[in-house]
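Next come two complexes, and both contain chain A; in the first it sits with chain B, in the second with chain C.
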Partner chain A sequence: MDISSWDGTLSSSDFCLAAHAFTEKWKRINPVLPPWSWVPRPKSPWLASHEVEGYLSLENMCILRSCEEDHDEKSHKGNEEPNCLGKDEYIDNATLVQSYRQDVRYFDFHIVYSASYRVPVLYFRTYSSDGQPLLLEDIEKELPGNSTNVLMESKWTFITQEEHPYLNRPWYKLHPCGTSEWMKLLFLTDPSLGGSQGVPVELYLSSWISMVGQAVGLKVPLEMFNKRKE
Partner chain B sequence: MDVEAMGREAQKYVWEGAIPLQIHLHESEVTTLPHPSPALVLAPRMGYLPLLLPLLKPHFSSTLPPGVDTIWFEYKGLPLKWHIPTGVLFDLLCAEQERPWNLTVHFRGYPGNILTPCEGEDSVKWSFINSLKEAAYIVNGNCKNVMNMSQSDQVELWHSVLNGNMETYQRVSSKLKLEKVGDQYVGKPNSNLLKSRTNTGETDTGGPVKTGRIPVRLYVWSVSKDFDDLEDAPQIDSWDQISYMNRPVEIHREEDKCFTLRDAVKALLPELFVEKTLIDEEIPRIELEEESRAPSDDESNTRNEEDVEEKQGENVECCCPSDDAETKLKLVRIQGIEPKLEIPFSWVVNNLMNPEHFLHICVFVKVPQAKPLPHDR
Partner chain C sequence: MAGQESGAVLQFAPFQSSVDEGFWHRLSSLKLNKLGIDDSPISITGFYAPCSHSQVSNHLTLLAESLPPEPSEQSSTPPISRGNRNRCSVPGILYNTNTLESFHALDKQSLLKAEAEKIWNDIHSGKAEEDCSVLSRFLLISFADLKKWSFHYWFAFPALVLDPPATLVDLKPASQWFSLEEAESVSAACNEWRNSSSTADVPFFLVSIASNSRATIRHLKDWEACQEDGHKLLFGFYDPCHLPKNPGWPLRNFLVLIYSRWNIKKVQFLCYRENRGFADLGLSLVGEAQISAPQEWRDELHVPNVVGWELNRGKKVYRCIGLAKSMDPTRLAISAADLNLKLMRWRALPSLNLNILSTMKCLLLGAGTLGCQVARMLMAWGVRKITLLDNGKVAMSNPLRQSLYTLDDCLNGGEFKALAAVNSLKRIFPAVEAEGVVMAIPMPGHPVPSQEEESVLDDCRRLCELIESHDAVFLLTDTRESRWLPTLLCAHANKMTITAALGFDSFLVMRHGAGPLSSTIDNRAEAMNALSADMSKFSLTDSDGGQRLGCYFCNDVVAPVDSTSNRTLDQQCTVTRPGLAPIASALAVELLVGILHHPHGIFAEGENANSSSNGINEQPLGILPHQIRGSLAQFSQMTLVGHSSNSCTACCDTVVSEYRKRGLDFILQAINHPTYLEDLTGLTELMKSASSFKLDWDNDTDADDDDCVEI
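Let's look at the complex of A and B:
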């Protein structure tokens, strides 16, 4: 489909394609990070439909937050970027200095397709190391500076707490009503994505997550939205 | 009465519909003797349970323990999702509709791990507007009309829902330009009998007929044990027993064919109609009005079987010997009624939808005995 006439959305079958391409790429590029997995829609096994329904899940993603103590300004480098913890990941020793109060945050991310908006939607929940769920205010306080900007300036991304479409529990969600607009913009303005060949479905999720990841402090390596195949 | 007038009657019926509730305070929150009597309340179908707080608080306030009120409801132990309209909860959770509907109210101990938080009327209003935006997006491809509503219009719209004022609602919501679903056959329910080649002009929309997406929320309750009477239907203990589908229905218009309620349910749950049930050989193949269509042989067989199946489904009583391998559509309930599946879907949507522009459909299905999945609780 021609990009200029594209409305920024994708069909549910395209979402499945994009999801599988995305998980493969993620595994390839970030072997040390936990992988995304495709979870088929739970319950009602008899409801196996012509469309494969399911969602992408990344759970127990551990993100270190360095929180500054009030009395320890000088040790704080002003770098609030969270570090994704992986086996071989280099950990800056300075962040292990006692004067920091290190908080480990666990995130569960689910990418669920919205049939209404025809775009993926990010659902997440976060909890501390003792399993205590965290409140939105706490999450927002801890987001890196640029994330809160993305959230506040953008009428396109805001966090709400709603029921997970499949799991009957409250989850946080990045509201999807602006997604199609900025996805279209993203693809129109970035020459490396698409171009004359039309909308590359396989790149949809990588590009999408580069945007939404910012809003929740999930760092996505640049290689993820490189069109060049490894 | 012509179809349009019937439609208006239906809308009035739905807007004025109310569920009689008998609300008991949970015993853990009763601090005085004697126990307070239950509150008797008429809850609007189109409304939401937390909005009943102003009616309930005075009734129970003298006995509540100290603390901040966070109201929530449960039915036989099942915490009720406050963002689902009251009428839908009743239609879904009470197979045999009990009147009054006995609910338990809590003012303390909000189950935040199960229910999304509700901070009173504002939360409900936000949820309503959010759903309306979603509906607008489905119908128009964008939410501009809702986002651009003036503050006063938004307030008026919300109040019309709060107070069940249909006239105000229709006046304000018409500004949203959420087109009524058009269907050139809506004026003639049996129009498929007549090979009408021209638009008869009996549409109930002034505008062009649109093929579109219709906002629908479908709740499927499936049980593995068959039941003949609704009062024998098993209890719903957990929301996990209900499949919730928030998926628009795409109307495909074909010449000489009316897109019916059955077509809509089939679009959402194709498995229910593909599954060939055991048809008792003695039941005659019913000669159908749809003969006027010229389907392939296969198609007409399917349709015949569907209609026989649908007849079985409509009478909850099963005329087939019970067979565990069957999947059976037992009931389709919308706004407390069980509409005939042949009714044009456009009529159903235009007259039975909720004010946030969603049509809520409750479906009861009997499924084959399933082997428990490894991760079943």
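Let's look at the complex of A and C:
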């Protein structure tokens, strides 16, 4: 399809192609970060037999926060119960006593295809090391400065909380209604993308994630946008 | 790098737990759907993997899959896959209590001892060599509060205690322990072990190094065979800990097994850790431990002491997690509703003022066909504060046309509409702040016997308070005369007022103009507060046929009278085409939203569709008409502008001033003497010279249209 008449969307089979190209490229270029993996989902009965349903997943990406002294003394959730383990508890000096200075935030990212918008959608969530999920307000506070700018100024990015299509739990997502427009814009204005051969599907996800990654503080290395085939 | 001094007690880094939200969701659903009050222990599965980050330890994780699948789900939930290198399964047991008291009352030590005994027995029976993940068996106690969506919980990772404790002879990074060839071979062997689905999730193993530096990894159960080789032997395990000077918790029970089963007192161990999916011998540690526990300690019949309750930020206390935000259905409904409105603002209407919609209070007079639909439309626009006033009860014919009622509301004589409507609104959207007022509106032309006078005056006062305390008022009642008092009170208080009225196949939706004695837009701010405006100071907008927009009664040449008595039954049971009420209600709410977004608000001039001036002044929502009249017979609709009449029985200066002067006395007089209003406003005079009177209308309207009645 000619780029000028393209509407910025992807078919679901193109999404699968793009996903696999993307994971390969990511692994090759980006050995430091954990790899994306494809998670297949059981097929819906209404899908044609050659279509595969699934999504890309990058989980347990951890971000270390700076050490904070005596943090959370007041948000200490348990009650002090001096005898809570009873008198016959064994006193053990083989247990290492650790100081709790470090705070780690974990991020999970899923790239899921939206059949109604026909574009990929980034779902994400953050939680601390014991599994407690973080609220959007807290996440936004911790995003690097340029992310918040992207979120506020760009009319293309909009974080909402919606039910994850496969996991039936609320996740945060970047709302997809602007995606096709700016993907089209991106491909039209960048001469190295596509051209007369049509829409380079395998570059779709790399370009897409360059935009959405900024909004959620997911650092995407520049080589991902390298259009030369390797 | 020098290792630890020999003789120091070997200290293990405790296991840390991490519970994915999904686990709590599944536990809640299991509790609600299957278990009920059954609090027998549940077998669960934990997952962990070797450390893969030099600064962060791995945790023992619980996921939704950790709980046994519900029988109905068995087909759709994927079974716990074995052979997943990132999810080594570990068996555990969950004691979930039904109350917080029973959670605190659990005998934690004996529960811990029971799990320790299982591990001890598995070691001595040989089961631990067959399925080594049982060495890391764990215990979880919890209390799930399914009303507040909070979960109290406490993990224990039972570790059998060597007495006296093992000491550390040496500990250093594996790359420094092995020779270069050994290191290469060990790495390769480990990677192979980790990549094969039959061994990837086996967390304890033997590392056998031949004299030619070739390393092989073997299962624990191959111990006897390894003995015959005579090769160098290390005891390896997946170490979740990242620390450079301490091994992780799983080594504790591993040492117990090695000593109890094989009677080895000097143990060389490998803390296996990874980086980017491959063995990392710089992060991994090799060490030597010395066990000095006496032989009697190995006696199968004496279970050693046990430790293992997880500390919460260094304190011996349980943990608590609150998940209301992601589990409470009401909160989820609220955020979904907000999302909808935000999307509208974000994608189509950036000037949409969601704040004003969510904070404004709307009063709906009438909870019938119009009232029900208006309430729903208001909620759809994000209005949360709604008061409905109606003195009727839900009748059997109502649910068909009045969208908030069902058959249940009709039974036993019928619920009061105002109250049934409020319940219905709450069922639709729990966060609505809805109130119902069961009250009749006093009407002119319906004289009041003296013994009821006081109660009618109370109702008047009540209505007055309601109007004062709300921001917008919808007149949705079923008679003309019931609209009179509210119109007067709204004109006096200068409240945004929307009238909707239905004929058989035609409707009128209009917004009342600003009250009289309020000035132009320039002096609006003063007018809003001022009731101290000197009555003699009529502003420019007050002159005959002035720019103040009219109210529902401004077209009248007769005062509202009793329209219900002396009619045949057919006419009393008002009938309209069913499509009318939803159309009119929807327009009424859209009209209000238009007023809210117009810079002049209640003072905004009336605009007509297809008018030439529209292009210049058009607001984002479009034009803001004064009146909309529609006809279903024609499937047509037109917009009209009507200015206030100096002789209006409800909103002209004379009437409003008289009300301000005499208050409830004036109202009572109007109620009891219908011609009083006509006399007061000079309408009586006008009627005498009817032929010369010219109504200020843009279009010809049928007189019947004014006789609107509604169901």
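The rule is short, and it goes like this: the second predicted complex is superposed on the first by the 181 of 230 C-alpha atoms of A that agree within 3 Å, B and C clash if a C-alpha of one lies under 4 Å from a C-alpha of the other, contacts with A are read in each partner's own complex, and residues count from 1 in each chain.
Keep in mind that, in the parts below, a contact is a pair of C-beta atoms (placed from the backbone, for glycine too) under 8 Å apart; a residue touches a chain by one contact, two chains touch by 3 or more.
Every value quoted in this text rests on a predicted model; they were computed, and no experiment measured them.
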item	value
Touching partner for A:Y117 - first (chain B), second (chain C), both, neither	first
First, second, both or neither for A:R169, with chain B first and chain C second	both
Partner chain(s) touched by A:S129 [first = chain B, second = chain C, both, neither]	second
Chain B versus chain C as contact partner of A:C177, first or second or both or neither	both
Partner chain in contact with A:S13 - chain B first, chain C second, else both or neither	neither
Dominant contact partner of chain A by residue count, chain C or chain B	C
Contacts of A:Q161 with chain B and chain C, given as first, second, both or neither	both
Touching both chain C and chain B, counted on chain A across the two superposed complexes	42, 133, 160-162, 168-170, 177
Footprint of chain C on chain A - complex, ascending	31-32, 34-35, 42, 62, 64, 72, 76-81, 84-86, 88-90, 92-100, 102, 104, 127, 129-133, 135, 155, 158, 160-162, 167-170, 175, 177
Footprint of chain A on chain C - complex, ascending	9-14, 16-23, 25, 53, 55-56, 59, 61-62, 76, 104, 107-109, 161-162, 165-166, 243, 246, 252, 276-277, 305-307, 309, 312-321, 323, 325-326, 332, 335-336, 339, 342-343, 346-347
In the complex, chain B residues that touch chain A	81, 83, 112-117, 130, 133-134, 137-138, 141, 143, 215, 220, 222, 238-240, 243-244, 246-248, 269-271, 327, 367-368, 370, 373, 375
Chain B contact footprint on chain A (complex, rising order)	7, 42-50, 115-117, 133, 160-163, 165, 168-170, 177
